[in-house]
């Protein structure tokens, strides 16, 4: 149990550093999601099942989903801008 | 020293995570990274808070048999979990707002870099 | 210039005021305030290009190095400072007498008897510390309102806002899968399961882990999944902006009213007539279950609304 | 429990309940709601103040059957009631005074939501004033942060969006630090109620244990609230947010939101840590330095600023320095002076933002000083109101600002001779700087205009009456300074 919890905490820290250093936003979000899931397991180890359910649903579910959809929108806007720039040049 | 560190492992992890999140929120120029940093910072505080509710060898505060005599020392402290539950929902609301702001800023200025946005906003509208 | 007639204002009341306001609005509207979601002004584009050029030059690299070293310094310094003091704190997991005090014992001892909640955490957040939770559901509400303010496209009939809406819809459709058989079939199985599971967590909040927030989030996730597979046309049949507004306002009002009743009767020493009921039954715990359902509805609707607003700027 | 003792809870609860209703209303009814609810709040808190004075004490209001420390608790006394009255009145007058600009600058589809934000802001303010529980304070801080951010970004303008973003980022940092601070406090004491934390801290201090974590928690809460209330080195978000929002929002942000954080901080100093601990952790000395810096450098920034609204925003930095100076003295007299200055400055700053915007409106929307010449003739009432506000901040006798500066100086003189000398010099220099920028502005608006200006805006008479009400309140505060100070001093005594 002790070993598992230490391992999870280490994973959380490593993924946090990786999120700050990685260039690609998509990778950053996936790392963040993994970190959130690890956090849900830590909550179980801390004997807080309520928090585990909420963290799994909110942290690695809805928050990540919203970040994903924003990123997708940004990508869409970017593409839209390029299309319009090209049309403008023609 | 090492045993002391091990005894505080959850808090130490939480505080390092807080440092990383705080730095990202303050100094990362990318808005998305800022938001992720904010989420990490908040969950670090929750980890810190909840780790103090935990007491070795006790179980979650859910009573399984209401008719059995109640043994108070069998359960961990329920209050931190209640506070954290409140906090998690607060942080997801704030995250959603920051994401919406980012989207609007990107629609207007076509960049996620907060410094670039600052320059553009000031040039377009001097007041 | 429309002149204000003081007397008319008083005689005709608010309608005259509103009419006059509209005239003022036409005069005072600054040009930048219109153009909600257009591409930047040519001058802005020029500035942007200039910034872009600069950003690939030397200045940027220096700035990057400064930022990076500053971040590392602050991060390490802050963490070291916090940890060095945290080592002085009572040890984790030990039977710390400071935190395991009379309050936490009280919650465990009296929680079940007073609130009827087998899950003591639910009893705390919905009953003992119900005021915090009331504030918290309003945080969600204020967040939903802010996102509505930021992302909801103009709903008017003028060509400009119609164009904005059409464009948002077109782009949403362009970048989301349509008629994906695998997704649709998976969702046919998963979405009902998720919604039933969400309802279970919601209704059982006082008996087992879970409650309004987690249950509501799972409900919202089920709806979002359904939306991903079948698109706005299908979800729009049963969930549009009016439904969202009615459900959220209604649930919040119910929540605030019932908490107000409990607080005022409690403070004034009036019997509120809400007993804990038979422990372990689904219909026990006084107002806990209805409150969970109200919170869950607010959370679920808000989550779905946030996702929909991010995707196409409307519900 | 008597009926009027329910008032603190009703003051928080009513705006919350009505915010959900307001979201479903049409914009113009929502606007009426945003006027009516703060007005009702003003009347309610006035009644509360009268009853508190008559009963001559403070009381606790348990939320729920068990009350503290198991549940939440509210606490009300003269100081809280006076602050609540000020906040509600300023909220009402700001919405009324900026009514026309809200209608003009905020699109119709956002106006209803803007009113929802006003109501939730009122709930948050009242909760900050009355709460006796640190975690409740955190939850309502978040409501206030978000609602205030939304008030800035309601205006569809690039600069407002950017200002709101910077505001949100800095405020989230502040909330994070504050939350960590109260988490450390909870870990040390196991309590969330202000008095109970105080008792435990006192016993910890006499036992001499956990000295460093206590200092850390004090520092975290201090920095967190200082960031949120824009004390000098953390003020960078302020000008962008204040200058780009609609004038009502600027008025609310500068005179309500930051003041509520300061009042919360005062409650922490008096009720959670106690003045002894506050002095012992050296946080007092740090705050003293920051507030001196803020007073001087904020004033210099304002002198150098060429645009009216940004100048008013920078002057806020200096004035917040004054308030923190009073708190940092670490004495009851100092805290009372700080509270008095909070009220005086809140009234004057809201008036300045609203009347300043009208002067700009009368100058074809140009906010540069050379364009403002003669604005006082084009909008005589706004010019007069601006003059009253400016004179109050500079500290002209008979106005609220004069009395507050006097009390502040008197409180400073109680320090050791060297410190008192520094404080008096700083106050004198900054008053000179205040006079430089505010009186120059007043002179500018009454100079002969250089050119012809277009049609000027007319304002609904009721919202002009709001300006007059502000000016009268400032004057009244100056005239009844002695009784007002007595009420505040009694309230501060009861807070401890």
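Should a chain be cited, it is by its letter among A, B, C and D, assigned in written order, with residues numbered from 1 in that chain.
Here is the rule we go by: a residue touches a chain if its C-beta (ideal position, glycine included) is under 8 Å from a C-beta of that chain, and two chains touch if they have at least 3 such contacts.
Nothing here was measured: the structure is a model prediction, and the numbers come from that model.
S.K.: Pick the pair with more C-beta contacts: C-D or A-B?
M.R.: Output for the comparison: C-D.
S.K.: Between chain B and chain D, what is the gap in Å from one C-alpha centre to the other?
M.R.: Each chain's C-alpha centroid was found; their separation is 28 Å.
S.K.: Determine the centre-to-centre distance between chain A and chain B, using the mean Cα coordinates as centres, and give it in whole Å.
M.R.: 13
S.K.: Please work out the Cα centroid separation of chain A and chain C, and write it as a whole number of Å.
M.R.: One centre to the other, that is 18 Å.
S.K.: Spell out, as numbers or ranges, the residues of chain A touching 2 or more other chains.
M.R.: Residue numbers touching two or more other chains: 20, 48-50, 54, 58, 62, 66, 70, 73, 81.
S.K.: Give me the residues of chain C that touch two or more other chains.
M.R.: Correct list: 32, 71, 82, 86, 89-90, 99-100, 103-104, 107, 119, 121, 129, 132, 136, 139, 142-143, 146, 150, 209, 211, 213, 306, 310.
S.K.: Give the residues of chain D that touch two or more other chains, as numbers and ranges in rising order.
M.R.: In chain D, 135, 139, 142, 146, 149, 153, 157-158, 186-187 touch at least two other chains.
S.K.: What chain pairs are in touch here?
M.R.: Pairs of chains that touch one another: A-B, A-C, B-C, B-D, C-D.
S.K.: Please output the residues of chain C touching chain D within their complex, sorted ascending.
M.R.: Interface residues on the chain C side: 1-4, 6, 9, 14, 17-18, 20-22, 24-25, 27-30, 32-34, 36, 81-82, 84-86, 88-90, 98-101, 103-104, 106-107, 110, 114, 127-132, 134-136, 138-139, 141-143, 145-146, 148-150, 152, 154-156, 245-246, 248-249, 252-253, 256-257, 260, 262-264, 266-269, 272.
S.K.: Which residues of chain A touch chain C in the complex?
M.R.: 20, 48-50, 52-54, 57-58, 61-62, 65-66, 69-70, 72-73, 75-76, 80-81, 84
S.K.: Going by the contact rule set out above, which residues of chain A touch chain B in the complex?
M.R.: It comes out as residues 5-6, 9-10, 12-13, 16-17, 19-20, 25, 28-29, 32, 35-36, 39, 42-43, 46-51, 54-55, 58-59, 62-63, 66-67, 70-71, 73-74, 77-78, 81.
S.K.: Could you list, by residue number, the parts of chain B that touch chain A in their complex?
M.R.: Residue positions touching the partner: 9-10, 13, 16-17, 20-21, 23-24, 28, 30, 32-33, 35-37, 39-40, 43, 46-47, 50-51, 53-54, 58-60, 62, 76, 81, 84-85, 88-89, 92, 95-96, 99, 102-103, 106-107, 110, 112.
S.K.: For the complex, give me every residue of chain B touching chain D.
M.R.: So the residues of chain B touching chain D come out as 18, 21-22, 25-26, 31, 34, 38, 41-42, 45, 48-49, 52, 79-80, 83, 86-87, 90, 93-94, 97-98, 101, 104-105, 108-109, 114, 117-118, 120-122, 124-125, 127.
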